[in-house]
Amino acid sequence: MGIVINGTTIETDENGYLVNLEDWTEEIAGQLAEGEEIEMSDEHWSLVKFLRNYYDEYQIAPAVKVLTKAIAAEKGMDKKEASEFLYGLFPKGPALQACKVAGLPKPTGCV
Amino acid sequence: MEENKGASACGSHGCSHSNGGCGEKFLNPTPMLDELEKGPWPSFVSGFKTLAERTKKPMLRGVMDQLEYSYNTKMGYWKGGLVTVDGYGAGVITRYSMIKDKIPEAAEFHTMRIQPPPGLHYNTAMLRELCDIWEEYGSGMLTLHGQTGDIMLQGIDEANVQECFDKLNEKGWDLGGAGAGMRTAVSCAGPARCEQACYDNLELHLHALRHFVGQLHRPEWNYKIKFKFSGCPNDCTNAIMRSDLAVIGTWKDAIQVDEVAVKEWIEEKGVDALVNQVINLCPTRAISLEDGGMKIDTRDCVRCMHCLNAMPKALSPGKERGISLLMGGKNTLKVGVNMGSLIIPFMKMETEEDREKFMELVEEIIDWWDDNGLDHERIGETIERVGLRQFLDGVGLDVDINQVSRPRDNPYFKAKY
Amino acid sequence: MNIMSSPERTWKTIESGPHTYKEALHPVVINNYGKWKYHEIPRPGVLKHVGESGDTLFTVRAGTPRQDTVDMVRQLCDIADRYCDGHLRFTVRNNVEFLTPNGENVEPMIRDLEAMGFPVGGAGNCVSSVSHTQGWLHCDIPATDASGVVKSMMDTLYNEFKHMEMPNKVRLSTSCCSINCGGQADIAVVVKHTRPPRINHDHLSMICELPKAVARCPVAAIRPTVVNGKRSLMVDEAKCICCGACFGACPAMEINHPEHSKFAIWVGGKNSNARSKPSTMSIVAHNLPNNPPRWPEVTDAVGRILTAYKAGGRPWERVGEWINRIGWKRFFEETGLTFDEDMIDSYRHARTTFNQSAHVRF
Amino acid sequence: MNIMSSPERTWKTIESGPHTYKEALHPVVINNYGKWKYHEIPRPGVLKHVGESGDTLFTVRAGTPRQDTVDMVRQLCDIADRYCDGHLRFTVRNNVEFLTPNGENVEPMIRDLEAMGFPVGGAGNCVSSVSHTQGWLHCDIPATDASGVVKSMMDTLYNEFKHMEMPNKVRLSTSCCSINCGGQADIAVVVKHTRPPRINHDHLSMICELPKAVARCPVAAIRPTVVNGKRSLMVDEAKCICCGACFGACPAMEINHPEHSKFAIWVGGKNSNARSKPSTMSIVAHNLPNNPPRWPEVTDAVGRILTAYKAGGRPWERVGEWINRIGWKRFFEETGLTFDEDMIDSYRHARTTFNQSAHVRF
Amino acid sequence: MEENKGASACGSHGCSHSNGGCGEKFLNPTPMLDELEKGPWPSFVSGFKTLAERTKKPMLRGVMDQLEYSYNTKMGYWKGGLVTVDGYGAGVITRYSMIKDKIPEAAEFHTMRIQPPPGLHYNTAMLRELCDIWEEYGSGMLTLHGQTGDIMLQGIDEANVQECFDKLNEKGWDLGGAGAGMRTAVSCAGPARCEQACYDNLELHLHALRHFVGQLHRPEWNYKIKFKFSGCPNDCTNAIMRSDLAVIGTWKDAIQVDEVAVKEWIEEKGVDALVNQVINLCPTRAISLEDGGMKIDTRDCVRCMHCLNAMPKALSPGKERGISLLMGGKNTLKVGVNMGSLIIPFMKMETEEDREKFMELVEEIIDWWDDNGLDHERIGETIERVGLRQFLDGVGLDVDINQVSRPRDNPYFKAKY
Amino acid sequence: MGIVINGTTIETDENGYLVNLEDWTEEIAGQLAEGEEIEMSDEHWSLVKFLRNYYDEYQIAPAVKVLTKAIAAEKGMDKKEASEFLYGLFPKGPALQACKVAGLPKPTGCV
């Protein structure tokens, strides 16, 4: 399947992830978020930036634990609050939704 | 036919039916699977066929075709993905087919893991409810139970997941664990039926899994954590090997002996049997032959359970009961299989306060692992890598000789000076 | 935490965790909760529990395929409603148990269950159901179908399920990859890969997080490389121990193979603390072919082990304890299996499996 | 090979290896060689051997200091000439044994030996002599004098040498550094360094082969460095496990210290295959001071262990087997010693010493 | 006096005698050492004093002074060096004092290691000879015996070493091992006195050490190799832990049972004792209680020796006798203590041909280690590092289940495909 | 103690080893050999060169095993013959005599 941007079809897999990661743009991110019924705020975009920077540096998506700790540290929350904040931003979870919107590879081994 | 591979072919026998069965049957031919309908043991294939012919769900036909294909090619064709419900990061095992072009009816086949009641105790109302909802939204296939302890509702489209969950949740069911978080637990029958149970494992199971419900649904640890709750050291839940946190009932005082029943046992079975089947099998020689009878030296007993198992009428666990906590069990991945090791030799486990105190301890333990563990490292691997002593220090637990089978046999440590 | 996100959704999630259990307990169970005195096994598949109160409760255990259907579960519920006031449970080993205080319900219940195809047995000193996993039906990394292996094995072991003629309980397990989700058991049949992974470079560069795959390897056999201009990985086959961990991290590390993913048989696993400390299993056969739909070589080997154990085990010896008494040498002789050099441990802590004694068998 | 190099040397070396033994054997021994039937221990320190032929041979065993003199050996020879037709032997544990077929020689021989200060005993279920090493008398790396420790201990255990009141044989050993040339024993007293080596940089650069010292360290704690313009080494104290291996490779790695080289006490070593497989020792006390000339803290601890074992051991249990039955917890309670966190293994294979069971002691 | 430190001071009490004793005594005061003359156990200090006062050898006075100094400072003052005899690279343990300026009479104190007869069997002629030569050329101090098995003649000047050796060699004595070569061996009393001996360990000891005499005298391996020869699994030489090559006598057939003597034992000690002291102590439950008597199941017996030890009149080793070879024992250095592991379960060891065949095997083993071992690595360390299987392959030995306590518990190997 | 070369005292230890390794010269080697009653031949000098080169490269003296194997390889001998050849050149052993003459550190741990 795919999403259409300016008449071009960008290929996505059955979970809506980009098949070719180089296709990512902020515009595409917005479309991916729409598909998840997520309204992007500054907090959302801040998280997307964090994810993309992390991936650039390490070539892996951050584990949810890493993400949660980063948010807790930045916002002065405990781990539980940070987790709830994260799921507030992305109700179906950082793996499923945040990484998708950020254009990172689809995480495996979450079973 | 090969030219029909864009549509659903009639399984392996090459029939040209498209998106349909063969003849009047709903299902395509599955000669390999059919072999497994023979023989006296109940056949999962027969069960699947009956269900499919009755409900005529395309997903069932697709799954049977793909399974048949696997039996022929000796390869698997499912791949992972990410499907979940609102607010949860785990609990649905996503399965997309790698050959959906070949078998489109098997394109998706997700499983919902559902937490059962502790001890796998049911009444028929619960089960009928579960079945009705599952037949409505899913395939009607289910596993009772998954090895970790879940009810596995196998086979649902992504489109139906949220609604199915809502219906189940309404009836008291909740998703089970997956990913790097708390997993669904298992309890043995416990005090509901077993005379050996040394604590209320059913209640502790419920308490613990409610305590960690957030981390079960929204995994965020290094890797998975599993609890298993056995009522006694027979460990009927295989807790020692199949859980990170094995809670095993035990006792501190003397085995309760019914002398009359002991005599009856000996009269029935003989002194040779007493020696060969009981005395000679005590691992620490706590039992001696004394004038044709048995004498148990409580201080040498390690609560292995054998003599109680051999003489159930005559012997019972002591009165001062509680739990031992063993940690670090896991299977073979990476470092090889590990049995759990004893961390807390004894804790009382009778009251709500006892259970709360235990939860606080487990929180400490998990925090330490969260801070010190590597990605995808089980807590047992972390303890081994970092050191048991460093773990005990880090969690604030006392050193106890029961935590080791022996003190070290090498002098290679730097002592205080 | 309460979640409400989908606009058309009306239900508000209740994170309830495990289903409650008290309503599942039979009144006689509730009255004797934590006050049971002793049990007996009056006949194969039937347990009799006696409470301190003098109350008795009968448990009738029957085998199920584990891979069930709603039809099958409803049949079980019919039995429970008819004979057990609507109460039943499942064992950790996937058998179903029906609980009744009425002794006269036992016989007819057994008749009905057997008529439905559910064999009554699995209690006491017998071969119980096989702990097993999902295989080709659902898992994304299996090299076989555990359920098919189980059906094939239990067809040959049916009578051992229904009678109590073994020295002690016999626990079997079957798993579809080396991870062995089925667990440690008296006898386990587990897939064993014999060849290093073949890397699907196209998939890898597209779908995998390369550093994660590298980190999964316990022997550092995976290295970064470039294939067709894209970052990829390569496997040092001399180092690879065919563990398959990389496949779990990244499906492009294809270790499954129709021919080279075979079966190994393991014995001596024990989780109980009875007598000896719990023990892990040892490999006693490998390179057995993956032969659906009946896996004859596998069932034959398991049969030989069980025959020897049944004939030679002493009361209360589990399979591993029987072997400890008679020695591995005689185990191989009596089962007709062959000890080979691959069975000498070469992984972590291998030193501790050397025979550091003059305890010897002839 | 025959060597002749020094000009004024007249002897041509004969590489003969061990001295021949046949001329050392008593005629009764020669006649019954390989044909002994059974033995008894009729009294402490005396063995009676009976051959298939009906011949009997008595062995009288006496303690020696091991660090002997030519005077002392001549005294022993006098005894052997007087009572044993000139035949005697030494045990692997440094006791002397006199062999005679004449029962009437036993009593007077014992009297003479005791008069000379050689205690008769050490056979059967008693505390035999202490296997020990050279210490400050000769070794280049000792932190103590094993012979002095032995004299001090055996003074307190003298009666246990001369009687048979223990559950089984008790073997003691003492070593002057962590290498433990004295061996694994029921109870061993061994030096344990507690502080990393202090490097004598001047000596090091002059007399040591630096790469050899680096290679000796099991935890890679030694690194090259430059001190005063010369190549030298440094120790990462966080990594160092105070093993002293570097000191053996290079005396400039000074790990011995009058205060920080202490004693540890170990129990449960067993070399025999009787009953349980042979076992290595476990540490049960450490940080005991190195207090010549009587080392009171050490002898006190050994005494407490022996008292508890003598009181609580069952027939045939060695110290380690007694502990396995009663449990380490009770061992520490009954001896008054303290289990501490340093006793939890942290070296290779430590995982295998965790208690992987629910076998627990209260 | 401090100003006399250039000369030999009168030990620790500061007496001003130079190169002389105190008063009419030859020796300087040694108050610390004097403490060790008290108590009932024979005193090495008394022995030393007697010898020194009789022979008045300055070296003895120097050694006593240095030992006293060590007792006071809790430090050792010997250092190594290289002293040997012509054609040999080992056998003399060189000791120079690090404080010869302070105690010049202790400047040198070398030890000659001498190989004793197997089994430490002596006649008085041999020993008197040894003593006479040693008193003439050395200190007169000696150790019977070193832990490896040598007679240690302690205390000789370099200048006397060659001549002393020549005199000893003439009488049938030879130097023992040191350094990276074959070491002196130890045998138990063996068939000379022990009814349990299952092979002629004295003869094999002699044979083996003659076979390797070159590598004993001229070390050229990675590290040391030690043999120890025990006649049975009681292992009275501690071979399993204290040797690289532990040769332990054993048998293949049934334990020989004297039924009459068994009955007598039971009559004397009782059935309780039979159960508690014999049956319940068999490690593999080979012995059962049968109608008040014992039944040994030969096939379950692992030749541990216990029942034979407990009932010496009634039970004897079988008739089919030979040796087991265990390898890899060592003490704690670097990798921690290792017991030897079983490599050859059984070899006949009766004839000269048997002994030759065994030597060929040992040569193969040592060659493999020489080729594969690292510097200062014991053969047991090499086998562990490289792998038992690779060792067996490399030496051409058959794989045998007795070599392991169990087959592997992990699937982590690459099988043939 | 020491040996005197051209009026200069070169310090040696009680086994006759050079205390300062930099003092070595071929002349000194000759004197050290004389002290051991060894007549230096080409074979001797060849071995000395081997030892010094080895020490320069590795900063340790070769183990006797290494030395023996090197000689065996060069001369086509088996290990036993090479060992005997070596002891023929230096009767008190390569450690004691050859390393001394070559000016290498005195080996330790030969016990």
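List of remarks:
Chains: A, B, C, D, E and F, in written order; residue numbering restarts at 1 for each.
The definition used in the following text is that a residue touches a chain if its C-beta (ideal position, glycine included) is under 8 Å from a C-beta of that chain, and two chains touch if they have at least 3 such contacts.
Quick caveat, the model's predicted, so the values are computed rather than measured.
For the pair subunit A and subunit E, chains touching both partners: B, C. Chains that touch both subunit B and subunit C: A, D, E.
Rounded to a multiple of 5, the Cα-based rotation taking subunit A onto subunit F is 180 degrees.
The interface with the greater number of C-beta contacts, when A-B is set against B-E, is A-B. Where subunit C touches subunit D, over half of the residue numbers in use are shared by the two copies, so each contributes mostly the same positions. Note: centroid distance subunit A to subunit C, computed from Cα atoms, is 38 Å.
Here the spacing of subunit C and subunit E, counted between their Cα centres, is 50 Å. One inter-chain figure worth recording: subunit D and subunit E are separated by 10 Å, centre to centre, where each centre is the mean of the chain's CA atoms. For this pair, subunit E with subunit F, the centres built from the Cα atoms lie 32 Å apart.
For subunit B, the set of residues touching two or more other chains reads 80, 85-88, 93, 214, 233, 235, 240, 248, 276, 283, 285, 302-304, 332, 336-337, 339, 375-376, 409-412.
For subunit C, the set of residues that touch two or more other chains comprises 1, 3, 5-6, 178, 212, 218, 243, 248-249, 251, 259, 273, 277-278, 280-281, 314, 347, 349, 351, 356-359.
Chain contacts: subunit A has residues 87, 91, 106-109 touching two or more partner chains. Inter-chain contacts, as defined above, occur between A-B, A-C, B-C, B-D, B-E, C-D, C-E, D-E, D-F, E-F. Listing the residues of subunit D that touch subunit B in their complex gives 178, 190, 192-196, 218, 237, 240-243, 259-260, 262, 264, 266, 268, 280-284, 286-287, 314, 324-330, 332, 339-347, 350-351, 353-362.
Considering their complex, residues 13-15, 63-65, 67-68, 79-80, 83, 86-87, 91-96, 100, 106-111 of subunit A touch subunit B.
Of all the residues in subunit E, the ones that touch subunit F in their complex are 80-90, 93-94, 96, 107-108, 178-180, 214, 218-222, 370, 375-376. Taken together, the subunit B residues at the contact with subunit E in this complex read 271-272, 275-276, 279-280, 285, 288-291, 332, 336-337, 409-412. Within the complex formed with subunit D, the subunit B residues making contact are 233, 235, 240, 248, 250, 252-253, 283-286, 299-300, 302-304, 324, 326, 328, 338-342, 345-346, 384, 387-389, 392-393, 399-417.
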